[in-house]
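These are the structures, in C-alpha cells.
Note that chain A is present in both complexes that follow, paired respectively with chain B and with chain C.
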Partner chain A sequence: MDLATLVRVLTWGLVTGSVYMLLATGITLIFGVMKVVNFAHGELMMIGAFITFILAHSAGLNPYLAIFVSMIAVGLVGVVIERFGFRLLRDGEKINEVFFSIALILILQNALARVFVPRFREHVQIKTPYATEVVDLGLIQLRYDFVVLLVLAWAIITGLSVVLHRTRLGRDVRATSQNRVGAMLMGIRAERVDMLTFGIGAALAALAGSLYGIVNPFSPYTGTLPSIKAFAVIILGGLGSVRGAVVGGLLYGVIESAATFFLGGSWRDATAFVLLILVLLTRPQGLFREGT
Partner chain B sequence: MGAWARRLRRELVVAALMLAAALAFLAAVRELYVLQMLSFVFIFAIYAQSWNLVAHSGQHSLGHAAFLGLGSYGSIVVATRLGVPSAVALFLGPLVPALAGLGIGGLCRRLREAYFGMVTFGCTAIVQVLVVEQFGWLTNRWDGLDAPRLAPEGLEIERVAVFNYVLGLALMVATYVVVASIMRSRTGMAFIAIHDNEAVAAAAGVSVVRYRLLAMTVGGYIAGLAGALNGHTLTRHISPGVFGIEDSIWPVLYSIAGGLGTAEGPILGTLVVRVFWEWAIRRVGGFDSLILIGLMLALVVTMLPRGIYPVVARAVGSIGARRRRRAEARP
Partner chain C sequence: MTRRSLGAILAAAALGAAPPAAAQTAIKLGLLTSMTGPAASTGEDQRRAAALAVDEINAAGGVQVKEANAKLKLQLVIGDDQTSREGAVSAVTRLLVEDKVQVVFGGLGSAFGMAALPQIREHAVPYIPTPSTPLFTRTPEMGPDPTKSMVFHYQATGLTQGAAIADFLVKEIPPPMAARRALRVAWMYQDSPFGAELHRGFAERVKDATLAIEIVAAERFRVGETDYRSLLTKIKGLNPDVLVPQGFRGETVAAVQQAVVDVGFDLKKTHIGPVCACADDPLYYKDLGKIGQGTTILSLYSTYAIPKGGGFAKWAAFRKAYQDKYGTLPGLLGVSAYDVVHVAARAIERAGSLDRKKIIEALGTLEIDQMVLAMQGGKIRFDPKYREAAFVLFVQQMAWDDKVKELRPTIIWPAELAEAKYRQP
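== the complex of A and B ==
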C-alpha cells in the first residue's frame, strides 16, 4: 500500500466524517437542551437532501445555493415537530419520546417516499456543475466537490460555534443545556430555546443530507443508518458535547473509511457499533464530557 | 399446579377465550388470504410478546430483529445441517438468540432508555455482519437459506394454511400463558421494580443485572421462536435483510398500540395494527398506510400512553362488575 492510497482513504474519511459531524452536532444540541434523542434525525436529513435535489434538478439552481433553502425549510419542519410533538411529551415518561420519534420515522420516511418513489424509482444523486473537475494536490487528485463540501461543512460548524459562544442566543442555548430550571429562573424562555434548537438541529441535518446526496446516491430510506451511526458518534464523543460530536464525527468517518478499505465493504456499517461497544465498555462517559 | 392455576385464573380464561374465538373463526372462514394474514398476526404477536416482556423489565430494545433473525437462522441451520426434524429444530433454533440475548444484555446491562435503544440497534447491525461474514459458510451469505417446511409433506395448500394457522395459534397462546405467568410471578415483580427505578429495586434486594439478563434471555428465546416459526411456515426463506430496522420497529409499535406492561396488549396490538394496515394498504396504498400507522402511534403515545388494551379491559371489566353487582343484589 502506498502513501497516495492512504491519503485517499483519509480524505474519503474526512468527507463522510463531515456528514456524520453535522448530523451528530444536531442530535447532540437537541439532546443537550431537551434531553430528547431524536431517532428520526435521519429522516430530516433525507428530506433535506431531497429538497436540494429537486431545487437543483427541476429549478436548475446551483446545488450549493439550494442547500441553504433546504436548510431553512427543514429547520421549519423541525420547529413544527418540536412545537406540536415533543413539547406535548415533556412531562410524560421519558421513553415515550423514543416511541414518538419512531412514529416520526414512519411518517416522514413514507411522506417522502410517496412523493419520491413514483417519480424516481431507485436512488438519485445530486449533480453539481463541478462534478468532473478535480483539484490536483500532487499526491492525489481531489474532486472539486469534496473541497467545497469540506469548506462548507466547516464554515457552518464554525459559524454555529461562534453563535453558541459569542451571542446572547447561544448563551441561552448553552444555559438551558446546562441547567434548564436555572436558565428559566434567569428569565430564559426555555420552550423557545427548545424550538430554536430543534430548528437548528434539523437545518444541520438538511445540510448533512444534501452533502451526503452530492457524494452518494440516496433514497428516502437511506437516512436511518447514518443517523444511527451519528448516535454512535455522540456516545463516542460524549452526549451533549458539541466538540465531542465534531471530533467524534470526523474520527469516525476516517475509521469507517479505513475499515471499509482494509476489512471489506460489509464491515462499513458494523464498524460504528463495534467502536460504540468498545467505548461503552471502556469509557462510558465518552471521550469528551462537558456541556455544550 | 393448583396455586399456579389459581393465580393465573384470569389469564387462563383469556387464553381459552382466544383459542375458542380463533378456532371458531377458522371454522367459519376458509379464505386462504385471511388465514395467512392471521397466521402472520399470531407469529408477530409472539414476537411482540417477547419485546413487551423485555420492555417490562425496563429494557426497551430497538434491535429486536436480531433475535427474530437468529431464531430463523438457528432453526433452519439445525434442521438442514444436522438433519434434525423441523418440528424439533423449531425449538432448538431459538437457543441461539437466547444466548445472543444474554450477550447483548450483558453488554448493555448499565444502559437505559434511549441509550439502550441505540446500542441494541447497533448490536443488530453487528449481528448482521457476523451472520453474513463470519458465519457465511453456514448462512449462505447475502443469498440466505431456504427453510424446510413444517407441515407434513403431500398436504394440499389449503390444508397447509390451516396447519400453519393452528400451529401459530397454539404457540401464541402458549407464549401468552408463559409470559403472563412470568409477569404474575416474583420475577415479574422484580421486572416492574427495575422498570420503575433501578436504584430503589437494588436497594430492596433485587439483583438488577441478573433479572435484566433473565428478561433478555427469555425474550431472545421467544422472539427466536417467532422467527423460526415464520421461517418454516410463512416466508420459507431467510436472508440477512431480516436484520433491518423495520423488523425491530414492528414489535415496538404493536406493543405500544396494544398496551405496554400487559400480557394481552401485544396480541391485541398486533391484531389491530395489522388488520388496520391490511385494510389501509388497499384503500390508500403502501406509503399512506404507513403514514397513517405512524400518526396512529404518535397519537397513542401523546394521547393514550397506556395503549388500547386498558380501554378494552376497562369496558369488559365494567360489564363484569355490573353483572357481579347484579348477581350480588339478587337475594
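== the complex of A and C ==
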C-alpha cells in the first residue's frame, strides 16, 4: 500500500469516526448525568439531517448555516423528550425508560418516513455549494465538504469541552454526573441540568446527522446503525466518559475503514464489534474510566 | 341454507380454503411488497402500477370465470412486507389466511419474497414474484426445484443479468480500454442473494464462454450501505478497466458518485457499469447527476428511452397512462407489477376457476402476447423446467441533457436495438 492510499483510508476512517464521536458524546453526556440510555438517539440524528436538508433545499439556506438552525431545533426536541418523557419515568423501573426510548425509535422513524418518503422517496443527500470542489493536500485531494466536516466536528467538541470544564453550567453538569444527590444538596437544580444535557446531546446528534447527510445519502431509517455503533463506542471508551467517546469514536471509524480496505466490505461492521468484545474481555470498564 | 351446506362452508373456513367461485364477487390478487421501510417508494411504484392494471381490466368488464359463469372484478389486496423478512412472513400469512387471495405477486427484495416462500408452499397458492433471485424456482445449486411448482418467476434473474453484463463488456468495451489483453473487471456487489447471483451469472458466463475478461476484484458490501470510499480506494489500487457496482438504486447512486468525486476514478480510464436494471427509475437519472455521464445501465425497461423495433410498442402508451394518473413515471418494478396483474388475470381466465390448483396449471401452460416488458419471442411464457420468463435485455449509456438538467439514456447494446454506439467519455 502506498502512502497516499494509507492517508485516504485513514481520512475516510476519521470522517466516519467524527460522526460516531459526535453521536457517542451526546449519548454519554445524557447517560452520565441522567443514567438514561436513549436508544432513539439515531432518530434525533436523522431529524437533524432532514431539517438541514429542508432548510438547504427548500428554503435555500447555506447548508452549513442550516446545520446550526437544525441543532437548535433538535436540541429543543430533546428538551421536550426529556421534560415530558424521561422525567416522568424517572422514579419508575429502568425497563420503562428502555421501552419508552424503543417506542420513540418507532414513532420518530415512521413520522419521518410518513412526511419525507412520499416527497423524496428513499434516499436524499444534502448538497452544498462546495460538493465538487477539492482541496489539494499534497498526498491526496479532498472535497471541501470533508475538510469542513472534520473542522466543524472538532470545533464543536472542543467548544463543548471548554463549556464543560470552564463554565458554571459545565461544573453543574459534571457535578450532577458525579453525584446527583450531592449536587442537589449544593443547590444545583438537577432537573434543569437534565433538560439542558438532553438538549445538548440532541443538538450533537443533529450535527452528526447533518454532517453525515452532506457526505452520504440518508433516509429516515439510516440513523439506527450509526447509533448502535455509537453505543458500542461509549462502551469501548468507558460509560459516561466524554474523552472515551471522542477517542473511541475516532478509533472505531478508523478500524472500520481499515477492515473494509484489508478484509472487504462484509467485515466492516463485524471487525469493530470484535474489537469491542476484546476490550470488554480485557478491560471491562472501557479504555477511559472516569466521570464526565 | 341446509345444515349440510352450512357444515361445508364452516369446514372450508376452518381449513382456510378459498371460498367457492360462485360465492365470490371479486378475484383477490395479493401484492406482497414494501409499503413501509427503506424500500417503501419502490413498493408504492408497484402498488400504483398494479392498481392501474386492475382498473384497466375492471373497466373492460373484469375477468370471465367459467365456473362462476360471470365476469368477476379484480380486487387488489396489499401485503406490506415492511422491507423485512419478518414483515414478509406476517404479510403473506394475512394475505393467505385472512384475505384468502387467489394469487400472490410482486415484491422487490429477493430476501423478503424468499422469506414468504414456506407459507406459499404450505398453502399451494400461485405466486408470481418480481425480485431477481433465481432461488424462487431453483435449488441453491441452480437446478430446477419441483417443490416450488406453484411459483412462476417474472423478472430477469440475477444469473441472466450477470451473463448479459459479461456479453456487453466483452463486445463493446475492450477496444477503448484494453485492446490487446483481457479486460480487467472489478465487481462490488450487495452482500445478498441478489448481488451474489448477479456476480455468479457474470463469472459463469466469463468461464463458460472463455471470454477475455479478468475479474480483478469481487468485493461485497452490506445491504443499505452508504459509504463505499474505503472499498473503492482498494479497488482503484487494482487499476481495473471496468468497475461494476451492483446494488439497489440508492446504493448504486452513492457508489458511482463516491467513485468519481471522492476516490477519483477517471472515467476515461475506467468504465463504470453496467449497473443493475433495478436502478432504472426516474430518480436514478435525477440523483446521479452530471458525474454519471458515460456510465452504463443494464435494463429491461427504460424510464426514458424506447428501443428500436416493434417489441416496445406499448411503452409510450403505458408511460402516458401512468403519468396521467400519478404525475410521475414508473420504474422497472412498477412495470413488472403491472404486467403480472395482466398475467394473473389471463391465467385465471384460462383456468376458468378460482381454484388455486387450476390457476397454477394455467400459469404453467400460459402463452400470451407480451404486455409492457419485451419478451424473447414476443410471448409471455414460463419455461417448463425453471418456470422463468425470458426477457429482452439491453444496455444504455448516460449523457447529460442540458435542457432537462438530468441524465438521459441512449440504447447502445445489442446492435439490433441500439440507437448509437458506445462512446468513451
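Here is the rule we use: the second predicted complex is superposed on the first by the 292 of 292 C-alpha atoms of A that agree within 3 Å, B and C clash if a C-alpha of one lies under 4 Å from a C-alpha of the other, contacts with A are read in each partner's own complex, and residues count from 1 in each chain.
Following the convention adopted for this analysis, a contact is a pair of C-beta atoms (placed from the backbone, for glycine too) under 8 Å apart; a residue touches a chain by one contact, two chains touch by 3 or more.
Because the structure is predicted, anything quoted here is derived from the model rather than measured.
In this overlay on chain A, chain B clashes with chain C. Applying the stated contact rule after C-alpha superposition, one finds that A:Ser219 touches chain C and leaves chain B untouched.
Legend: residue contacts after superposition of the two complexes on their common chain; A:Asp269 is shown touching both chain B and chain C. When both complexes are overlaid on chain A, the residue A:Ala155 reaches neither chain B nor chain C.
By the touch criterion defined above, A:Phe261 reaches chain C but does not reach chain B.
In the superposition on chain A, contact is made by A:Asn110 with both chain B and chain C.
Of the two partner chains, neither chain B nor chain C is touched by A:Leu139.
Residue contacts after overlaying the shared chain place A:Leu65 against neither chain B nor chain C. Looking at the shared chain after the overlay, A:Met186 reaches neither chain B nor chain C.
Clashing C-alpha atoms with chain B after superposition occur in a single stretch of chain C, namely 96-104 (options considered: 24-32, 42-50, 96-104 or 258-266). Under the contact criterion defined above, the residues of chain A that touch both chain B in one complex and chain C in the other are 110, 113, 117, 225, 264, 266, 269.
Residues 1, 5, 8-9, 12-13, 16, 110, 113, 117-118, 121-123, 125, 131-132, 141, 143, 146, 215-219, 221-222, 225, 256-258, 260-261, 264-266, 268-269 of chain A are the ones that touch chain C when the two sit in their complex.
If you check the complex, the residues on chain A that touch chain B are 37, 39, 85, 88-89, 92-100, 102-107, 109-111, 113-114, 117, 224-225, 228, 231-232, 235, 264, 266-267, 269-270, 272-274, 276-277, 280-281, 284. Contacts from chain C toward chain A in the complex involve residues 36-42, 44, 188, 191, 219-222, 224-231, 233-234, 237, 249-250, 253-254, 261-264, 283, 287, 291.
For chain B in complex with chain A, the touching residues are 60, 62, 107, 110-111, 113-115, 117-119, 121-123, 125-126, 128-129, 132-133, 245, 249, 252-253, 256, 285-288, 290-291, 293-295, 297-298, 301-302, 305.
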